[in-house]
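Below is one structure. I have some questions about it.
Note that the chains take the letters A, B, C and D in the order they are written out, and that residue 1 is the start of every chain.
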Amino acid sequence: MLGLPARVETLPGDPLTVGTETSTLAQRYLRVRDRSLRLCEPLAIEDYGVQPMPDASPPKWHLAHTTWFFETFLLKPRVEGYRPFRDEFEYLYNSYYNGVGRQFPRPQRGNLSRPTVDEVREYRAHVDRAMESLLEAPDAAVEARTILGLHHEQQHQELLLTDLKYNFGHNPLYPVYPDGPVAPAARKREACSVEFDGGVLEIGATPDTGFVFDNETPRHRVFLGSYALADRLVTNGEYLAFMQDDGYSRPELWLADGWSLLHSGAGWAAPLYWLRMENGWYEYHLTGLAPLDPDRPVIHVSYYEADAFSRWAGARLPTEQEWEAAVESPSADRLDQRTGAAWQWTSSAYGSYPGYRPLPGALGEYNGKFMSNQMVLRGGSCATPDGHVRPSYRNFFYPPDRWQFSGIRLAHDR
Amino acid sequence: MLGLPARVETLPGDPLTVGTETSTLAQRYLRVRDRSLRLCEPLAIEDYGVQPMPDASPPKWHLAHTTWFFETFLLKPRVEGYRPFRDEFEYLYNSYYNGVGRQFPRPQRGNLSRPTVDEVREYRAHVDRAMESLLEAPDAAVEARTILGLHHEQQHQELLLTDLKYNFGHNPLYPVYPDGPVAPAARKREACSVEFDGGVLEIGATPDTGFVFDNETPRHRVFLGSYALADRLVTNGEYLAFMQDDGYSRPELWLADGWSLLHSGAGWAAPLYWLRMENGWYEYHLTGLAPLDPDRPVIHVSYYEADAFSRWAGARLPTEQEWEAAVESPSADRLDQRTGAAWQWTSSAYGSYPGYRPLPGALGEYNGKFMSNQMVLRGGSCATPDGHVRPSYRNFFYPPDRWQFSGIRLAHDR
Amino acid sequence: MLGLPARVETLPGDPLTVGTETSTLAQRYLRVRDRSLRLCEPLAIEDYGVQPMPDASPPKWHLAHTTWFFETFLLKPRVEGYRPFRDEFEYLYNSYYNGVGRQFPRPQRGNLSRPTVDEVREYRAHVDRAMESLLEAPDAAVEARTILGLHHEQQHQELLLTDLKYNFGHNPLYPVYPDGPVAPAARKREACSVEFDGGVLEIGATPDTGFVFDNETPRHRVFLGSYALADRLVTNGEYLAFMQDDGYSRPELWLADGWSLLHSGAGWAAPLYWLRMENGWYEYHLTGLAPLDPDRPVIHVSYYEADAFSRWAGARLPTEQEWEAAVESPSADRLDQRTGAAWQWTSSAYGSYPGYRPLPGALGEYNGKFMSNQMVLRGGSCATPDGHVRPSYRNFFYPPDRWQFSGIRLAHDR
Amino acid sequence: MLGLPARVETLPGDPLTVGTETSTLAQRYLRVRDRSLRLCEPLAIEDYGVQPMPDASPPKWHLAHTTWFFETFLLKPRVEGYRPFRDEFEYLYNSYYNGVGRQFPRPQRGNLSRPTVDEVREYRAHVDRAMESLLEAPDAAVEARTILGLHHEQQHQELLLTDLKYNFGHNPLYPVYPDGPVAPAARKREACSVEFDGGVLEIGATPDTGFVFDNETPRHRVFLGSYALADRLVTNGEYLAFMQDDGYSRPELWLADGWSLLHSGAGWAAPLYWLRMENGWYEYHLTGLAPLDPDRPVIHVSYYEADAFSRWAGARLPTEQEWEAAVESPSADRLDQRTGAAWQWTSSAYGSYPGYRPLPGALGEYNGKFMSNQMVLRGGSCATPDGHVRPSYRNFFYPPDRWQFSGIRLAHDR
């Protein structure tokens, strides 16, 4: 999900939904960049460097990589005489862009005690100063790439929290991140179905959507049968009922690959961050360990768990097309928790839309490259920056992934 | 792909395309069963037991497991007083049916020197005698399950050859399986595009298709844009050009997971069974090692290689819907090698059709269970039994799998 | 333990303890070679090819590799115009001799369905014919290497049975090898200590020992304190008492590496081949599954288990010097089961004797090469060919190895 | 090597060679404890938490674990009403004492961003205050355990530097630890042999040695043949000659396990911390990257490399008895670099001395437990605290370990 290139050439005027429409791009740049630092304010220096699993990058890495993005794709190619902050960073903070060059091995990001946090902050300041100059009179391409870089940074703001939660949630001391995001309960406890008509519908970003990633394009027609979606996400209470009904022990509920995973060392018997204590179930939130709240949405489940739960419930997961069509329909308001609570697993494998075209160059190198083995999630979570998502937004992760704020919305045929 | 339940309740009268329509079911049963033994006639006893990788089961196992299928799903539940050949076989030859019970670990199938081949033949004879009695007056359900078991056995006939090829193709002595299947060249050397119109089309088996697996149902509408398919499969010569153009060394051509695989020990630099000798490239066929024939279709490529090749060629892989619609269209005859040469990778992840319903009981337990992480292949190969496939037939394997007779047909948007 | 070079130059007249002293070398050659085939007589063809774990080579491989040894180290270098049976065998049946060339990967020996058993028998006959000619008028070097080859073959005769037991002992059908070796109980049930005086003693083969492997040389002085050895091996009954006293659950009894192994997937809670059934413990012997006999020696234990048991028993394992000195002492007769029951783990790491010299050339290439990470076992088991071992004989395996006929003799300080 | 129990009951008056003999135990306690903090002064906060491989624990962990040692083995059992700093630390900082309880998994020590460095310092201060009170009037057992704890802390002071070097030496920025230890060159460039007579000799700590670890006892007799040792360690220049003579590519020089390691992903072709740059070889020291100095001793080699080098040089490694006897002999002065440069691999597997007795209780639980699969190193390195080692001191690591300051002294038979 990192660094998906935008349709940079075609969307120079994107308003970037963070901030008012009258902000200059330089102002918006600083605002987004500043938010990354503010997210880190509650952290101890020690928290910036930890990578408790290969997918959970250290905060320091996120701060540096997002900076690298502007340095690599804007300052180096577009600012004559630009002096890189430090030559080694081209390698150290390249995430996966083969077109740029070799990459420091991902699983070892947590092994870099140097540069220090202070040095990374200096790196950010160095790049920000150069970007401010560049943004004094940006051409359309600079504008487009800057906007892309800001959306990229917003994605990493969510990942920073997600990865931090993995760190804190696996530390026996269960540290607290004050005022951290917690997925909110739905407006009402009872769940209802909302019905939608099928037919030939259009899916994907429209030309007037504003900034979009290129995997949301081109807009295209699909045929859908009639269907229904639950008007809220599956709750912890409902998921607990699945567990108490031996959900994790009944092979008929599980995809074969998920069942294998359950029995090959993963040892899953509950969502990530659920802990059984003597006096009942607890859930770790970024705000600390708390008794399980049955009304909050279940989060941090894998695709396999989402799929097994839906089968147990006599339902299924929606396709990404069903999800998008519903959220763009006049009945969308009846669907609570469309965004702001949890990413919602769909039954759609992540792939290219018909007619999809990758961008030229290193930025575009990677669009197709993640289009295998992953599933689409839709919506946006409590950790997603305000205004970052839209109905056509496609997030994607591997079926076993659980460290994202990922939950479940049920669907039915009609 | 093994043991996909059929719509057994609804298709009792399936003609089974092997043999004439006037055959009795018992006759057809014996004919299919006999073919499994005849396929093994060229084998030495030593060849029956080898499992050179977890996916490539020993011939002896295929002979026993297909027999287990009839014993488990017909004789045990339907023949009063049936005496199992040997109690331990329920465990030993259960492939993956949790509803039946525990399974002998798949990667260890090649470690079972006992039962001997003779004992497995006795097992087959024992079950065949009981089946013959049962088929003297079968009810509709028995007929349906028998037909399912015969299609199941045909699938294993192909796998037996596929797995044997893996064994022989990795033996430094390169043994020969006389008259083994070899993918034939296309009718003509030049490739052309065949164009197809899009729109709302129907996909999936029709009620009058005859026997089908349940993953081919229900028939449903999809919307397709207009597209074109190559009228023949990609050839060895074309694939060699891709290799000589550094196809395996250019990250921009590859899906990220495929690129990782290339660089994590797999060491792929050519299709499976290609060998570089001093005097050029060779290819191992079941009929022995031979100089690479540039006109034959490239086979034994993974999804990643098929996808990278298509990108290199400025094309793409077809979706399974495009493939099926084309093969069911009036222009189908213009597509050479639709079947009988190689399974054709599609860009479609294997999933359920809208409204798909699994069968009840252990037979139906597993339909959904393979619907993650795999890609659909269409067509049928030179190793597929005559009459086994049809346009709606969906084969599926994991993206890295190469030991199947899997090839490439290119597609384009129009 | 395979292929340890002998002191070939110095021991041409070795009598080879198999057979009478008056046999010619050619007669002795045929007698040892024939025994390998006779050991295989009870096997089904299917049994010849199975390798259920990397260490347990298939019988067919043992038959071919021992033949390769004569072809490689005698026929090819010493018989002008010798025509190898098949060129590929130089690679296929090279176990680990880098000086000869590359080796077919050991873990894949069980994947070679070809050559067939018949072809391997032809290979043996081909080599035997050439060896018979060579042995009509052997020079001293030929004699010495032939004798080495025969001892090598005897080692593989034991391994063949050991590996076969691993195969049969892991097959749910528990096949029977008629009249297979079973470790006999001691002459008397009560165990006593036999005391030995320390001092400066000589260890290692003497010049008049006859054939020895070079790791038994040179004879050298060591200083030993006074000690005592148990006059028989530890029994199944005693080992069961250890288990019932929570022996496998008490970390204070275990070496750290052994304790880690217990808790990292090995799942050991009893010796290999012990099975808990509803009505008590059983042990698999080559002659079949039988109720555990408390009087037989415990076998198929790892070094870690032997060490933990000895600590639990308030004793320790003997050093290899203590073992050898005792068996060469006048009190040796008081030690039952010195050989013919089980190899006896010692507390001595396998290393070189002071002044040890490897042989020149490929044969000698490997003597030092196994002298790390392994422990010495002394004695000889019920599966060891008659006359193969002697007091100075050093067997060696890794601490976790359990598939050998390995048992425990306790020692104490005095 | 961590936490080896001392003969605590018998050596209460140990002078602890750090500091003057007239220091009180409390003064010596504070001096050793303070040194740990001073070693960390050059570190950035970020450096305290990194664990770049399972064996290389973070500095923060070393600071906390050594504190845990005093808390666990002195304060909790001996100070009534002692309030632990934090209950979770009993689990978090237990290295491997099963007798104390469960242990936080070693490979995840680097994942603990909390407690912070400041909290660990508070932990140290908390424990130090309680220890100071306890040491106002210690009984003999308290004195003995305190002295053990100080030697334990000294061991961790060396490990802290060793592990930090692994961190910095794998960071592409090659950070500098100012004034860090660097192994010094020998007094003279030419190497000579120093000869020693064999016979029955005594090995092990004597009763008047002062503090010793129990693995150095009991003193006992051994028989040694006459031998010679090189009067200095092998140099970088000599090791480079081995490399240039294809030392890493000649199987005849290597132990089989070492050769396998070279070919199974380790990719070793030089000592750890050697880097080939365009203008020649460099070596990373804690003081930074520098051109390879041919006169300094080669360090950071595994046992396999030390053994292969010695074979290439026509020599061998000494046994630990040879090393100790030489260093305790009148000719000891002729051996340069006995200590203070590099630990010296011996050919002796780490095992128990005859008559060795473990201590009672959790402290003694682990003495035997490391006595398998490891090799003894003798001497002491440039990173070893002054006065920490003695001639009978036995260090031990696994044959593949290279991250220690481990070098080579050659030996010969006479």
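By our rule, a residue touches a chain if its C-beta (ideal position, glycine included) is under 8 Å from a C-beta of that chain, and two chains touch if they have at least 3 such contacts.
Just so it is clear, the structure is predicted and the values come from calculations on it, not from any experiment.
Engineer: To reach chain C from chain A by way of touching chains, what is the minimum number of steps?
Structural biologist: 2
Engineer: Measuring centre to centre, with centres taken as mean CA positions, what chain is farthest from chain A?
Structural biologist: C
Engineer: Take the average of all CA coordinates in chain A, do the same for chain D, and state the distance between these two points in whole angstrom.
Structural biologist: Spacing between the chain centres: roughly 46 Å.
Engineer: Measuring centre to centre with CA averages, how many angstrom lie between chain C and chain D?
Structural biologist: 37
Engineer: Centre to centre, by mean C-alpha position, how many angstrom separate chain B and chain D?
Structural biologist: Computed value for the inter-centroid distance: 59 Å.
Engineer: Among the residues of chain A, pick out those that touch two or more other chains and give their numbers.
Structural biologist: Within chain A, no residue contacts more than one other chain.
Engineer: How about chain C: which of its residues touch chain B in the complex?
Structural biologist: Against chain B, chain C makes touches at 44-52, 60, 88, 91-92, 104, 108, 110-117, 167-168, 170-173, 175.
Engineer: Looking at the complex, which residues from chain A come into contact with chain B?
Structural biologist: 96, 98-99, 200, 220-223, 225, 251-252, 254-259, 303-304, 307, 311, 347-349, 351-352, 354-355, 365-366, 368-373, 375, 399, 413
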